[in-house]
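Down below are the structures I want you to see.
The two complexes that follow have subunit A in common; it is paired with subunit B in the first and with subunit C in the second.
Moving on to the complex of A and B:
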């Protein structure tokens, strides 16, 4: 074990990453799509008889957009970085070292995005119309390029394609099999979210104002085509997933006490329901725009947030037992060295750097094996808790399960000796108040 | 000289190695970290001055409040933005140290994120929603300032723990959830003070510069008040920073102190910092009673160079702490020159666009009352 494992009670490190990532996904996609909406609305307003009033609304949209995307988007983006350092330092290190100049180029986009947005927003009263249009378009282009770069890194984690640790081929890593479908899917989703965010701001216009009708219909046009296209692109992405991920999602896996992981069914239902709600809700608002108010508009955004949550959990589930598919397990063990029997069968704590020196028969050995080998994904009685999953364990069953858990395809192989397995099983059983000594 | 014991644990470096020679990453890191410190100092110092201005009476105070209400969210934004590349490069160069220490203080490290969100939101709330004279506005700025100070304190804890791996195993076995800080570190408080207190200097320089431009645009009374307010802040901040520097030097382990004061590049950088900071303050004070842009710009430039000296010295000191156990020279280089070129072209084009836009728009923006 190269790095210490962050042991977070109840939540677990993985769930903390997920919480930050889910919020960031929504905000960052609004940040890109909203740029497109700003640019199109700038041009559109010029051709409208009430263009000046549309631009007054656009200024209000830009104010909310600026605060929402810079405060929540920028900081949660950094937040994901902080969280993955803690939950998966080995994987973070790999992503940083392989893609360092992609990250650096993405930072240039980030710097550009912010500066252009500030010049657009703060320059509202001093810039010419042509300059405002230029800034809005420039903002969108830069923001989308930022998405382009980050998409290469994120899609790599699921579908590394022809990249290996030996060839370190950055071109194949970046333009991996999942790159283009995911890029298009994200692009479509960002239009959808921008439309929903725009509708939310538009509901603040007085109900008896004609402008409200116009604005809500304008925003709905961003949502409806995107909501139709998203499932098709999601299917394209599905076709690029590694075979083991597809098998895991389609076949389901029976956990020892965690129930069946019917991944596709579970997340398909969530995505379908969320998509249908967004479509119906947007149609309803477009048909009766004057009746639209803040609550349903906010509800639609929350539904979108739920759908994003589903998508994130689906991806994490399908990628199991890896954090970088086929390369690095979720518990920071490398697949290739892990395959070597000499390492898999060696005394675990002797090789793990981060455990205290313990006597051979110490009951604490089991706890430290859990801490360093299991706690990346599991907690004791919270998220992915051991207590629920091991309620029926006996010493013999526990040892056998640990020996074969990797055949379930959602768990990595156990690293350690038979004594290590016994120590871990005994400690797990002791959590239930029973003796863990093998009969 | 080594401060570490042979039983130290040191995680293996990343198998992918370094994408360009480490010296190049160090150079990029020095540049961006200097910008980060300047933005951070401006925002922290500006928040202090905003509270002072809000509590004060009179027209000058109200003008300062307006200026800072707009400038602080921007300062905050750029402190985050310029903080990203050094965070990236520290992971490339010192990843096995940085990841380890971050996990050891993990609970506090992750709390940096909500603290940043709330602090940032507070500055926007102050700008967009709080009345210029409301007590709530002062309280919100005070909360944002406290949150930023918390973030800085966590950073100093993590970065001092990072360079003292002798403490790691005991820290981890006692707190595997990361709910601890590196409070036993002798240099912690003076180091924290040394990086935070210059905030008053940087915010002061901003006021002196603002005053010089206000003079130029015919708002002389306002300009004079701004220059004087800024110069006073600079002087207070510099005295505090020099005191903190003395404290930091006194608490460094004797071997590291000898390294800093024993001649050569480290002593040159420390001396350079002192001389440049003295020069900067002298220019700032000289600018207070008189018009003109030369002295304020000289003051700003000298201070930026002083910060650059400290950034470089900080890295040398870190390497000295780790001598015998970690060396950048031992890092394998698996060159990615093609990707470096992509980044360089992106950077040049991006900066060219931003400079073009700033030149076109910023003067008109800044002139607004």
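Moving on to the complex of A and C:
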């Protein structure tokens, strides 16, 4: 409530962040895993009789890789910053202030990554073989360190562990309970994605079948073990999840949106099953690499994008109702009332810096409360739309729902007075063309 | 080991037969994947359909579906997959039909491949129509009632067919029994049988070659063997299709409206599913006694699709063939326009 509201009709701000982040996940993990593939392929090609031809593919790979990661990676990465600071300013501020040193180190890594990649790519005809190998390895190490750092910050959001608002212990925040399982999971997934990306490039080097077979089998060796290891590491990560998230995924919630809310479970299933689909598809490619062309290779990369979508949504939904687990709710309100500018029972809009001063009985009060307290997750008539969820609302039911919604464990408690609840309920009911008569 | 198996299961000739079929490689080869994709949807439908049958009770249709959605582990997910896969199958078959049409793969001697394909599309639409009623919620109930009432207006056979489908003068629980048997016994057996015929014909005739490809000198024609090259390269695409179904089921689960109340007034805005919107909207253009004319027009459209291979027979395409393609293009435009209109109005 300390920030202006970013109002996105139909989609909602959160979904915008999700869409950008899902694409960025794919690109950024290809960027790190592809570095490993470059380095290993550099060494591998030296020992092969047709090393020169393998390096032709490698050069093509590096071209695509450079464009894909530095253009899409940079656009979506900056896009995330734009979107999260608008959708979740309070959480963004907390992450920036808590991890100042980590962010600084992260940007050094990005700079290093880009520099080394350009040196590698543009030095192709000039550098010695030893230098190229060194640059490829250096690129991978730096890129992986950037993943190491961002992983500390992102895993913190789900499992802050021993960190509290009082101790502000960066070490415990960074090496939180989810850190190592997620780090390994991400490392394995980036190998998988690099293999899929390598296969895609290999199908474009269609000139001769022997080389294609060799390259696709080389890339499949990156995908298959990773696809087998990923579910095991995901299970390890699962064991570190907060109890509330596990309960949500296993049990669902009765009473929301006219049925069981097992969106967490569904997205978890999507991630796991899509991983199995990748495994089957890669086997088919490796069985007969000569037959592989661009369409199947691209198809598998798209399946990976769907798996990432499942994984990302799973993580976001499992963290409900928090954006930083146990600390900050998804709607930018603090769990500890002491941190909150408006106490749970104080008139809500009085403390909202950007809301206009409205008379107590004004219907616009309800709308402003919606914007500040609900719109982080809900839209009026689009994604997680209010209209669909409040068809049966009466003023009395609405007020009661608002008072008890936090007991469902997927929504935060309402902040404000009884009048605030009434104003919000009346506004919601007015959306349906009915009048919100005072209960 | 393989020698042991091969002597017990002498499938060699079968594999040779499949390997003999060659898939032409050209600009439009991508369309050849659509038949396989339809089969993937069929497999998903059979798998999820069997799972849904475990808990579905035709005597308590709505309550048992509610139980599937609310209580049965993964029930809601399986049901959503069944729903999305059904919709995508219908969409995929329409695209398959039109791509076959514009590549002129129906010309002699493949007339019966085309006709069995058309029948399969019709059966799949009947599959969708019968399955749509089974949850017995107010949407499915009233949409089905409207659909059968339209059918009833057809001359000669209308009343008889409508009564046969409903099991009486109105849609009741008896209709559920009929639609259920249709959906899980009659149609699956018919469709599977016809799929076997369709696929055997495709294998026997080999792939049809579009005119532009057929005109190439032999040394410039490129093919890939159907088995195993084409088949294996299709598998990743099948995985993507399956992934899309899973993603849709995760992101947009199928809801369940309140239980149907046959005595209540139909809720506002009842409309058929998208694949029936075009005929629905067309009939609206012919009010009252003109309705027969509208039905006649639609019957003529279906009939003309069936007789196309007997009209357009000449390779390479002559003037008549080009005319047929133009009429087909008008047909696809009309179908899309009427569907969009029906959806928006």
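By definition in this document, the second predicted complex is superposed on the first by the 423 of 439 C-alpha atoms of A that agree within 3 Å, B and C clash if a C-alpha of one lies under 4 Å from a C-alpha of the other, contacts with A are read in each partner's own complex, and residues count from 1 in each chain.
As a convention for this text, a contact is a pair of C-beta atoms (placed from the backbone, for glycine too) under 8 Å apart; a residue touches a chain by one contact, two chains touch by 3 or more.
Everything quoted here is computed from the prediction, not taken from an experiment.
On the superposed subunit A, the two partners subunit B and subunit C both fit, without a clash.
When the two complexes are laid over each other on chain A, the CA centres of subunit B and subunit C sit 120 degrees apart as seen from the CA centre of subunit A, to the nearest 10.
Judged by the touch definition given at the top, the superposed model places A:138 against subunit B, while subunit C stays out of reach. Counting residues of subunit A touched by each partner, subunit B versus subunit C, the larger count belongs to B.
When the shared chain is aligned, subunit C comes close enough to touch A:309, but subunit B does not.
Applying the stated contact rule after C-alpha superposition, one finds that A:223 touches neither subunit B nor subunit C. When the shared chain is aligned, subunit B comes close enough to touch A:82, but subunit C does not.
Of the two partner chains, subunit B is the only one that A:98 touches; subunit C does not reach it.
Contact with neither subunit B nor subunit C is seen for A:147 once the two complexes are overlaid on the shared chain.
Aligning both complexes on chain A leaves subunit B and subunit C separated at their closest CA atoms by 22 Å. Touched by subunit B in one complex and by subunit C in the other is not one residue of subunit A.
Looking at the complex, you find that subunit B touches subunit A at residues 9, 11-12, 14-19, 28, 70, 73-74, 77-78, 80-81, 83-85, 87-88, 91-92, 95-96, 98-100, 102-104, 106-107, 109-110, 112-113, 116-117, 120-121, 124, 128, 168-169, 172-173, 176-178, 334, 336, 338-340, 342-343, 346-347, 350, 353-354, 357-358, 360-362, 364-365, 368.
Note for the complex: subunit C touches subunit A at residues 30, 33, 69-70, 74, 76-77, 80, 224, 228-230, 232-237, 239-240, 242-244, 246-247, 249-251, 253, 255-256. Per the touch definition, subunit A reaches subunit C in the complex via residues 254, 258-260, 262-263, 265-267, 269-270, 273-274, 277-278, 280-282, 284-285, 287-288, 290-293, 295-297, 299-300, 302-303, 306-307, 309-310, 313.
Note for the complex: subunit A touches subunit B at residues 2-9, 13, 16, 20, 63, 67, 70-72, 74-76, 78-79, 81-83, 85-86, 89, 92-94, 96-98, 100-105, 107-112, 114-116, 118-119, 122-123, 125-127, 131, 135, 138, 142, 165, 168, 170, 353-356, 371, 375.
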